[in-house]
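Next up: some structures, all given as structure tokens.
Here come two complexes built around chain A, the first alongside chain B, the second alongside chain C.
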Partner chain A sequence: MRRPGLICTILALLGTGSAQDLQVPAAVVAGTQATIATTGSGKATFYLVGPGISRKSDVVLGAEISVSFEELRNAGHYVAVLCSSECRSASFFVRAAKPARLAFLVHPSRVAVAQADALSGVALPFDRYRNLVLAPVAINFQLSAGNTSLLSRPARTVDGVAWFRTTSGKAAGIVQATATLDDLSARRAIQQVASDPCNLRISGQRSPAGVLVQTEPVRDCTGNPVTDGTIVTFTATGAKGMTTVDAPVKQGVARAQIKSAGALMISAACGVVMGNEVSVGAQP
Partner chain B sequence: MRHALPIFLVVVTAGLMVLSLAGPGRAVGTVGVASGSAVYGLTAKSDTPEHAIEHLLGEVKRRNWDNAFSAVSKTSGVDEPGFIQDWMGSNGSLRSFSGLEGFTTRPLHATNDDAQVRVRLHWTTPVGPIEESRDFNLVRDGDTWKTVWPKVEIANVPAQVIPVNYLRWDLVSGGAGDEWGAKNIDAPHVRIISMNAVELAEGVLVMGEVVNEDAIPAFVNVNATLVDAAGNALDDESSFDKIDHVLLPKQVTPYRIDFPNFNIKDVKNVRMDVKAALIPASADPVIGIMNQKVDSDAQGKSILRGDLFNQSGQPVNIPHVIASFYDNTGKVVWVADGYVDQALLPQSSQPFSLEIPRNVAARTQNFHVVVNHYDLDRN
Partner chain C sequence: MRSELRRMALVSILACFSAVPLPSRAQDSAVQVRLDSKRAGPRTLENLTERGIVRDYRLAWTSMSRALALNRPDLLDGPFAGEAKQWLRQTITDQHSGLSQRYLDQDHQLEAVFYAPEGDAIELHDTARYRFELLDGDKLLCDQAMTVHYVVLMTPSADRWMVRQLQAVPEF
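Then we have the complex of A and B:
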């Protein structure tokens, strides 16, 4: 908040005289040393204002002013001001150094299989001083499951950002998402999970304790077994009324014990997906 | 002579106080209905069935168990510990956290030797006031009446080992020092699959169902905001306890949000908001909801009844039943909930019942019941 005010104050002091002048470098890379040439003679006061820095020092006109690499760590717009009897100013831009790290955001962390445009990733290159690298660079996005490559897509950053969007794969499991820039890479894990169950089928048989009803292995439409713990609701209708059991899938199969001696009509549902109906006769 | 009037007034006042405290048929204006005495040390004589049950309930209310049990007929098949457990609850059940606040009695029938009295018990509980209706049989024992206490059925489960190998989900959250974006876990995906806003005597009710579409458990809460024609929010409420908050993958729960004292004609729109958060959870216990049936009670009210059967190996302290009722188009027309005041022991059953409003019962074609549970060891 103080810097713009300081700049305004300094610029207000600027005169039009030509007793001294300064020459700033045309291009500076963050974290490198720079020199600012001055003309004239005598003593002057030098101001440097930039992102994260404001400096005031006494200098001798005609000599070069050295700006250390620590003062130029942050990329952005800098203003140099030289004041003796009057003030002169010049500005220069410090750009980010070469990429040294890659921020990689992937969304979502968990996705159902075969969902269109469900996966997206964004990569942002930063230099060693955490300046966003605005110069276009090539980033390669890769998705892989185990040793199988699912996607390889090069992209160039625009204003420091490169991104991809794609459809989730067909197999449940962990998918590695990798963003690579030269020798830099960032890796994220995405959990692909089974989609809604498909063709939910159950069977039931009498047991001494009632009716044991169970599903066939519960799979989605691409053949992935649904996650263990998924709830299957069994509904049995008989002369005594209706019985429901919310049973979790365990090792791919959901089972429930329904205590009833009478004839039952049993159905199953998993979320909003309905299964078949089976009829179990009364206990002999 | 000058003290005669004050003395007379004091005597009359004291007499009226005694009469008002000791007499029958107190407080409630309904003919044939009596309410419980709350005055310590004053109990009705058990010379009528109503007085006998009031005497017993008064002692129960004060937790004078010896006195209360002395009002129980010797022909009852219960001992004093069983009698006390029936009133006090056990195994961390809702009853064990409840207190009998009051009661009303209504005689059903009486002969010279036996009688039946219907009692409405008013309980204070951690989940709010609960009313319970019980019918008591009484028999004449000399010149007094005593209550026949039914034998308390305590689940007798044989000693056994029940392996529990259902899934459990734990949650490991990233630390502050983690790299940006390296350990983000998305919130579970849940979806409102139905919503219906109606006006009943209670006010405006918003009800429906929510499904957890994800592969991980979710802690779910549904909020609704009533919006008027000008777009202003009239009120916002949450489903509070009329929802099963913990949803396992693909599990469906009913929800109901009450807006007392609002008219549906003032409502132009309802904004729904469902919030879901990651939560550690277990797929155990599995509770079967057996023999669900809608029938009528003695007063002609429609009641959904059934039995909860605990298929797991750990007691469920406080079972909570939530039911959604559908009309012939599959629309949710009512959501009711109720707590079971007895703990659900392993491999045992407890009955439950939910009252259905008369106008809803006529339209109900189907229903879906879920069981929420509060466990002292796990909540």
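Then we have the complex of A and C:
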């Protein structure tokens, strides 16, 4: 197994030209120009490899090597190598510039109201070259419905990430989630929908075809009409046994026709919620 | 006999001091990856997820090493996405002047520092140790043992975790 650095050492021992060296910058901000100082005399070949760059160019020893801002757009680790009769290398880091955009992940896009810790968001600041900004910055998370503010929570990024988690609001409708960093902001829309039904109430009346039974407007526990299509199960118990009918909620109300001439005891259920019972007499 | 010994000794000395690169070990030599998930939060990292991340991060470095050694951007298509894939492709495009890079004897100590509440992103700190070689054609320009710290963002796709950000930093 070769020892690390063996080749570079051998090359250095064999050097016959004037000794050259290079001095790289201590710290560089992404998207800024930098210079690399060289010593020695004569011609040499300069190499620069790093994230998104692999450059080879002829240079004159003793002169400064200019590295353009475009070559240093990506934050990360760069290795500079200078070769004439021998090769010398040095490395340096480019760090992210100031934040220029926010990545904002919000979950879920549709959520039932009043659910504990159901909403969460993650914000990551990036500079204009899409490098993750790791220096701590303050981000403010906000939730609003119309002109009503539901949440305002400041957070500081740690390792380039800030996040929040909260309970969903009480009213169905669109909620705007916003992450703000100085004059930067990112916004996402969340659809809040009614939760499970609450206080299910039904009424029934005899009709020529049997019994027409229907619910009052079905709402969740915070008063939002449940989503159309929610299934309500009606159960009728009479002298001939038990009958069940599933009916979807339409415009807030579920209806069903139960064909029976005899007296019935009818109840309703939706999810885990039981409604009241109604008694309908036999057909005269 | 004596002249033969002298010739062999001379050849040996010349071989030792030759600038011709010695053959490198296989570029896809095993990439060691270990993950410490004790600090991961706010979501807890499940065992199955942890194994998937280790598997896919190892694949990412294996693919990256081969892509940069062979100048084949197609090898990046599976494990990389977003910004990481873009700059790696750009590096390979630039290397058409004859340059290539090798990452050998890789050892990655990962630490999960953030796992999103819904599990749709994870940030890792990688203390990577490897031997870095830079070649111009067949000429070995540099061969260094390095320890580099990387901040890594990975996101799940349909069947794997993909590296979206791979950003070296001086320290964590």
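The working rule: the second predicted complex is superposed on the first by the 264 of 284 C-alpha atoms of A that agree within 3 Å, B and C clash if a C-alpha of one lies under 4 Å from a C-alpha of the other, contacts with A are read in each partner's own complex, and residues count from 1 in each chain.
The working rule: a residue touches a chain if its C-beta (ideal position, glycine included) is under 8 Å from a C-beta of that chain, and two chains touch if they have at least 3 such contacts.
Every value quoted in this text rests on a predicted model; they were computed, and no experiment measured them.
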> With the two structures laid over each other on chain A, which partner does A:A44 touch: chain B (first), chain C (second), both, or neither?
Replying inline: neither
>> By residue count, which of the two partners contacts chain A more extensively, chain B or chain C?
In response: C
> For A:H107, is the partner it touches chain B (first), chain C (second), both, or none of the two (neither)?
Replying inline: both
> In the superposed arrangement, which partner chain does A:S54 touch: chain B (first), chain C (second), both, or neither?
Replying inline: second
>> After the superposition on A, what does A:A254 contact: first (chain B), second (chain C), both or neither?
In response: neither
> Which of the two partners, first being chain B and second being chain C, lies in contact with A:V211: first, second, both, or neither?
Replying inline: neither
> Does chain B (first) or chain C (second) touch A:L184, or do both, or does neither?
Replying inline: neither
>> With both complexes overlaid on chain A, does A:D246 touch chain B (first), chain C (second), both or neither?
In response: first
> So which positions on chain A get touched by both chain B and chain C?
Replying inline: 105, 107-108
> Taking the complex as given, what residues does chain A use to touch chain B?
Replying inline: 103-110, 112, 188, 193-194, 196-197, 226-233, 240-248, 250, 256-260, 270-272
> Which positions of chain B touch chain A when the two form their complex?
Replying inline: 165-167, 169, 180-182, 184-186, 193, 211-217, 248-252, 283, 286-293, 305-306, 309, 311, 367-371
> Quick one: in the complex, what on chain A touches chain C?
Replying inline: 1-2, 4-8, 10-11, 13-14, 45, 47, 49-56, 74-77, 79, 81, 83, 87, 89, 91, 93, 95-96, 105, 107-108, 120, 122, 124, 130-132, 134, 158-161, 163, 165
> In their shared complex, at which residues does chain C touch chain A?
Replying inline: 16-17, 19, 21-22, 25, 42, 83, 86-88, 90-92, 94-95, 97-99, 101, 113-114, 116-118, 120-121, 123, 125, 131-132, 134, 136, 140-146, 148, 151, 153, 165-170, 172
